[in-house]
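Two complexes come next, and they have one chain in common, chain A, joined by chain B in the first and chain C in the second.
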Partner chain A sequence: METAMKFEKDLVGEVTVCGISGEINITSVGELRGLFDSLVRSGSKKVVADLAALEYIDSSGLAVMIELHQRLIKSGGVLKLCGLNERINGIFDVTKLNSIFQIRKNRETALAEFNKA
Partner chain B sequence: MNRETEVLVRLIDASSILVSSLDLGDILPRGMETIKTLLRCEAASIMLLDEANRRLVFEVALGDKSEAVKKITVPLGEGVAGKVALDGEPRIVNDVTHEAFTASVDQRSGFTTKCVLCVPLMMKGRIIGVAEAINPMGKTAFNEADGYLLSLFANQVAMVVEASRMHIQIVARRRMEDELNFARQVQESFLPHEFPSGDIFSFHGFSRAAREVGGDFYDIFPLDERRIGFTIGDVSGKGVPAALFMAKVLGQLRFLAQKHRDEGGPSLVLKELNSSLAERHSENMFVTLIYGVFHSDQRKAVIASAGHPYPFVFRSAKLAWEQKIVTNGLPVGVAPEAEYYDTGLELSGGDMILMVTDGVLEADRDFNEKKILMILTDIYSAYRGQKMIAESLIKDFSRFINKHNPSDDFTMLALSGK
Partner chain C sequence: MDQQTYVIRSSLPEVDRLSKEIKVGWDKAGLDKDTVFALYTALEEALVNAVKHGNKFDPGLSVEVRVGRQAGEVRVEVKDQGKGFDHTSIPDPRRHDVITKLSGKGVFMIKELMDEVSYLEGGTRIVMVKKIEPHTV
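After this line comes the complex of A and B, so read on.
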């Protein structure tokens, strides 16, 4: 059974934290893309995507993460990913996408970096 | 013609008009005109319910001020029509002086409403709109017989409105199916139908696009008498955009493979493919792929990988499968400056190189690389010393993956040494 995707947005100081859980697949990716779009449009610059409760991401999901990353860079922002489980970390490793994303252990580490900068 | 005959003739007229086409803009005004004549009233209308906005919208308005009336929408529960649309009860109001909403509509349209007869349009117990007759001519009030006639007409209107809506849905669905079929055809036209083989090697591949049109592909093409180019990949996304992006990737890849066949190796082909796609594409798509060249005279393949799952290799000397960890580059289309790396793979007699897309690795929740190696080992054991060639391996392995996950896309490509 597929688990539905859930998206929770939280504002910690200047940083927008998006908790994404469940599955990012071809059925949920359109919704995620819309959510990211309104995030960028609303002027968010510092974004953390907390994937600790993410169970699955397919290639179209990766494409949406890349798109968010690229749009944030263009607008002078930064995206940090955190909380990747072993399987999802493996996907970022094999695809070498770990070389373009800032991947941090957990939400606290990612937030601390933003606050230091 | 006496009244009874007139009623019968007009109802039959209206009925034949309503079933003459599915174009509501044509049949509803004509049908309503017949009923307006039959009911001998000043104005008549059909309003359909816009469920999202909870308002009635004029579909047909006949009478002196029809153009002005058409611009008005009626909130559910307001006025005579709004109330009928809310509870489904037909209403005859022969004195509208107490209806505040009707007065406000009259003010905007310039029409003077005195009497209203309004019935619901019902379809399978659902209210989809109302039909209304206004101001009887030659008498001061509508009666129950008028209400009955309008209801007979309303029942038929409800049916044709529903039929027309279903027709529109079917046409839209068919259009989408056509698009998906187109994408599937594009995709299938790129898959090779013949597999090259020679004295010391053979290729075989299999691709299944199950649920939607997938973004998987593979291709095998000769570069010259000694060398064969091969690729397997997975475009992020599905459907028509993915199929078109795939067409672009495969077209460019074949061109670059020929251009660089004598220099640089597969990594250079991927580097150029990536810079041309990453710089000029706005589809927000990327592709993971392996591109390789098999040198038949050297029993050797050289591959480069752009973020694609690692290949599995069977070594006849060890009688064992292993996963070949190659140095991956970024998927093609992500960043223009990405680097790629060549890896050489020897192919002795009985060896096999098996490349897959992630649909194979994720065919089951419990699957991981180790599990796949166990499955491949089981398949090999079943040969009991007989030669395992690319074609039979692909047949056995794809049957197994099919059984585990009949609903996702997957693709596999194998190269075996003889």
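After this line comes the complex of A and C, so read on.
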């Protein structure tokens, strides 16, 4: 089934940058979970999820982001989210998930933090 | 009130298809992007709940959706054929002990995104209202 989500992966030094665009919803979340699973299994420890082109996220989408966050923490890794537009940021805000995730303005800021550490 | 009724089978592809179809209507009606975002997200959450939790994906059970528009508001109703549930029994997902739980955020998101939410008929029917600028209709 074709979903309205696009996923791109890039390696910038030691940091895996994932660009997720479109919609993370009940029909695309399975595919995204599989992509994140491969990422973790391949040993990625520093991950930036660039959500600048993400238009919608539902509760199943929040769940898959939480899963990735928890798996990375368990393996000694770190996840940073970046580029959230006002509406997506609003979702993370009202659910208080902005207290769980490291949310940065853009990819450059997130990468700079990883490089500083 | 300008109203349309839809009936879908209990399947997630149907949820996706109908949500998108209704969203196109809202976009064409000239609703602002924030309003469409709230309506589309809440509608999809309600539909998923109806199919997954209400009808338990039973292919023999259907979900009815009514979307209405009148000056000042958009009204969306989703009705499943399940046994119902108590929406007040779901813990606040912002609580420290459940914030990273993978489930339990959908109902809260609906309540935050919409201006009025009512659960009727034992929880098998949800009525959601979003206020809009009167001249938008």
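Keep this in mind: the second predicted complex is superposed on the first by the 114 of 117 C-alpha atoms of A that agree within 3 Å, B and C clash if a C-alpha of one lies under 4 Å from a C-alpha of the other, contacts with A are read in each partner's own complex, and residues count from 1 in each chain.
Everything below uses one rule, namely that contacts are C-beta pairs under 8 Å (C-beta built on N, C-alpha and C of every residue); 3 or more make two chains touch, one makes a residue touch a chain.
For clarity, every value in this text was computed on a predicted model and none was experimentally measured.
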Room on chain A for both chain B and chain C (clash or fit): clash
Partner, of chain C and chain B, that touches more residues belonging to chain A: C
Contacts of A:K6 with chain B and chain C, given as first, second, both or neither: neither
First (chain B), second (chain C), both or neither touched by A:I100: both
Chain B versus chain C as contact partner of A:R41, first or second or both or neither: neither
Touched partner set for A:I66, first chain B, second chain C, both or neither: both
Stretch of chain B, among 184-192, 256-264, 292-300 or 382-390, that runs into chain C once the two complexes are superposed: 184-192
Set of chain A residues, in rising order, touched by both chain B and chain C: 26, 58-60, 62-63, 66-67, 87, 94-97, 99-100
Parts of chain C lying in touch with chain A, wherever the complex brings them together: 12-13, 15-16, 20, 33-34, 37, 40-41, 44-45, 48, 93-94, 99-100, 102-103, 105-106, 108-109, 112
Residues of chain B touching chain A in the complex: 212, 215, 234-238, 284-286, 288, 307-310, 328-331, 334-335, 358, 368
Chain C contact footprint on chain A (complex, rising order): 1, 4, 25-27, 56, 58-60, 62-63, 66-67, 69-70, 87, 91, 94-97, 99-100
Residues of chain A touching chain B in the complex: 26, 58-60, 62-64, 66-67, 87, 94-97, 99-100
